[in-house]
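Following this line, the structures themselves.
Below are two complexes that have subunit A in common, paired first with subunit B and then with subunit C.
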Partner chain A sequence: MKKLNAVIFTLLAAVFILPVIATVALSFMVGGMPSMQGYADLLFDCFVFYPQFWNSVIYAAVITIVQLAVIIPCAFGFSQAQFKGKGALFVSYIVLMMMPLQVTILPNYIGLRDIGLIDTPLAIILPAIFSPFGVVVMHQYMKNIDSSIIEAARLETNSVVRIIITGVVPQIRVCIFAVVLFVFADCWNMVEQPMLFLKDDSLKTLSVFIANAGDFSGRVLFPAAVLFLIPVMILYMFFNEYLEKGLTLGELS
Partner chain B sequence: MKAKKHLKWNTKCKFCLLPSLIGTAIFFVIPYIRVLYYSVIDNQFRRNFVWLDNYIDTLTNEYFLLALKNSLLLIVICVPVLIILALVISLALSYGIKWIRKTRFAFVLPMVIPTASVALIWRSVFAENTTVLPIYLLFIWKNIGICIVLLTAAFTSIEKSICEAARLDGANSLVLHTRITVPMIAPTVFFTVLLSIVNSFRIFKESYLYYGTNYPPDHSYTLQYYMNNNFLKLDYQSLATSAVLTSILVFGIVMVGMAIQRRYNR
Partner chain C sequence: MKRILIAFTVVFFSGMLVLTFTARSIHNASLPHISVSRVTMSEFPFEYIDESGNTQTGTAQKPAVTVEQYENGVYILYRAEVNGELRDFIRRAEMIPGQEYGGFVEVVSGLTFSDRIVVDSDRELCEGEVMVL
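Coming up: the complex of A and B.
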């Protein structure tokens, strides 16, 4: 029985991982023969690949880092401050978190257009920084931290910034790692925003490059897809063990 | 003196919320109010109030109804399959033998894989677009990771002694899990269902990258296509109206879900 289970699970796992393996395998094939030609074409002939790859890296990295600077204090504020309507405010963050992109993208667009940021890198970066997901996850996690450390830190310093850095951040390390992986992967996967907020091709991301497949010869696509996988895979290898401990979203209400 | 210091600390903590609140106001809340306004006027230039006319137009638009039907079908068919599969896998990962635990990465990894990368392989495998199956499979493949992460976290928080006691009483695995472990993590299961329903509204990216067009076959035309296409046509009125309708639908689902969860917790 145990052996049968193990066999079934190995097969199931193989089915789930197959798309990734097949993508990698096909990137080394051209016209049914093993070949590096796809990579050669992509890296030496396809000049839009480089700026779009780096755009993806820069957008995702900037969004992730700045977002941490916004959501850690915000989650801290939610757990420490006492005021009327706090519960309702937090519920509205949850509701916003649940809203599909197609609901939020029009408000995002209008907000960006009014400030005059359409067709600039900030159009991609700014709305994503204020994505509510991290606030909800971190506030949830902070319910279980040791408040005596914060109390002790308050005796030593008056600066909230220092209290957060010395008293809070070390305690929520695991949650931060999980959020970094999740947010980075989410930004890395952006398709709609660069398509709708940017006109200039040199500002777009690699996901748009792959989405507009028809513009390029087919053989560069699988290599591009593989190179597009690598940064998130590296991040995944470092941080995936923290996912279960960091994302404690089970009991929200 | 002490009271004053306490008050100050509270104010400082409130200030910590500000950056997030300001950003959310600028990019989400204030523009959303304008979306509400767009949904009740005839067009940007004349700005006559037509109240519910846009809503009536949208709700009788055959493409909107097709999109709504397909979006709801996705929820009704895929979410139960996704949750049951995720529960079975999570149980095996939490209570199974060591070899099974090693397969975790195969199920969790897809959640970080960019859709653009795997859409290519999906396109090569499913050459014909006669059914919606490839999109359903892509949805399950992409979303099972987060469900498994949340569910295994909940399973591992159950104390071992409870399972051991049940085993001593002669409960087999099926009884143990259907009567004890799964009911114990019911709030998490509810949340996973809720999250999956909400994520089903986000399927546009997967579908768009798979079909590579704004006009997929009828069976895959979901609400997000309807909205995306109105975005490209710059038809703000239809777009605003469908955004408001979708947000009301999602808001309703979230509120009902949270109410059920709260009731269960009691």
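Coming up: the complex of A and C.
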């Protein structure tokens, strides 16, 4: 039975990894022959690629860092503070998290247009900072942290920020890494927001470059897809050991 | 393993940073560099009969290219969008020549005054090639 399971899961894993392998293999082929011409065309003849690559890096990094600064206190508040309507507020977070992007993107657009942020980097960064996903995951994790450490920190200081930094963050380090990975990957992959909120090509992201592959020479598509994969792969390899632990509730060191 | 990963990350992002600033220069260095100008006007002689019936010779300004340009092929510069940006390309003009005089060849048709033609290049030109001005 175990062997059968192993075979089934290996086959499933192979099915999932196949598009990635095909993308990498096709990036080294031009006209059915092995060639690096696609990479040469992308790197030395397709200059729109570079600003869009760095835009993706900057947007994803800024969103991830600022989102952490928002979600940690927010999740701490949900897990530790007692206030009226806490349950209802948390349910609204979950509902918001469950909503498909297509439902929220139009209100976001209207809001950004009315405050004059359309076609600026803030149009991408600002709505993404307040994503409920990290709050929900971190709240679930924080419910199980050692409250005696927080109590001890409270005796030393009244500052909530210091309590979070000294008493909470070290305990939820694993969860932070997992959330960083998810948030970064989510921001890295976003397509609809840059397409809708940005008109200037120099502000758009690499995901838009790949989505608009028809505008470019066909040979650059697969090399661009491979380079698009690398930053997220790097981040995953840095944090993969924390991923499972971070999403497993109550598994604290 | 971690060290290899850190080294790969540094190499990848450094490489991308260096390419961001140098890729265009590398690309331009591999392309022919050309100079262009508008179609020039040159004086060409023509004969006419005056009021007393004698044949006279006069001159008229007509669009022209140099004999050397005509012999090497007249290339017109045009712009087209490739890979998300406008680039300069050349195509060979199907010019019908008129008379030759003073080192110039008259353009009967195939070129207009708005055309920018290649007057100098650092290498041999090919139809449909991308150029750097």
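Remarks
Convention: the second predicted complex is superposed on the first by the 235 of 253 C-alpha atoms of A that agree within 3 Å, B and C clash if a C-alpha of one lies under 4 Å from a C-alpha of the other, contacts with A are read in each partner's own complex, and residues count from 1 in each chain.
The rule we apply is simple: a contact is a pair of C-beta atoms (placed from the backbone, for glycine too) under 8 Å apart; a residue touches a chain by one contact, two chains touch by 3 or more.
Computed from a predicted model, the values in this text were never measured in an experiment.
In the three-chain model built by superposing on subunit A, subunit B and subunit C fit together without any clash.
By the document's definition of touching, neither partner reaches A:157: not subunit B, not subunit C.
In the overlay built on the shared chain, the residue A:147 is in contact with neither subunit B nor subunit C. Of the two partner chains placed around the shared chain by superposition, subunit C is the only one that A:54 touches, whereas subunit B remains out of contact.
When the shared chain is aligned, no partner comes close enough to touch A:35: not subunit B, not subunit C.
Touch criterion met: A:220 reaches subunit C, while subunit B stays clear of it.
When both complexes are overlaid on chain A, the residue A:46 reaches subunit C alone and has no touch with subunit B.
Ranking subunit B and subunit C by residues of subunit A touched puts B first. Contacts of A:234 after superposition on the shared chain: subunit C is touched, whereas subunit B is not.
Overlay on chain A (Cα): least separation between subunit B and subunit C is 17 Å. Looking at the complex, you find that subunit C touches subunit A at residues 5, 8-9, 12-13, 16, 19-20, 23-24, 26-27, 30, 82-85. Of all residues in subunit A, those touching subunit B in their complex are 2, 5-6, 9-10, 12-14, 16-17, 19-20, 22-23, 26, 69-71, 73-74, 76-78, 80-83, 91, 93-96, 98-112, 114-115, 126-127, 129-130, 132, 135, 154, 160, 164, 181, 185, 188-189, 191-192, 196, 206-207, 210-211, 213-214, 221-222, 225-226, 228-229, 232-233, 235-236, 240, 243-245, 247-253. Partner subunit C is touched in their complex by these residues of subunit A: 41, 43-48, 50, 53-54, 57, 201, 215-217, 220, 227, 230-231, 234, 237-238. Against subunit A, in their complex, subunit B makes its touches with residues 9-10, 12-17, 19-21, 23-24, 26-32, 34-35, 89, 92, 96-97, 99-100, 103, 105-122, 124, 141, 144, 146, 149-150, 152-154, 156, 185, 187-188, 191, 194-195, 198, 201-202, 204-205, 208-209, 212, 223-224, 227-228, 231, 236, 239-240, 243, 246-247, 250-251, 253-254, 258, 261-262, 265.
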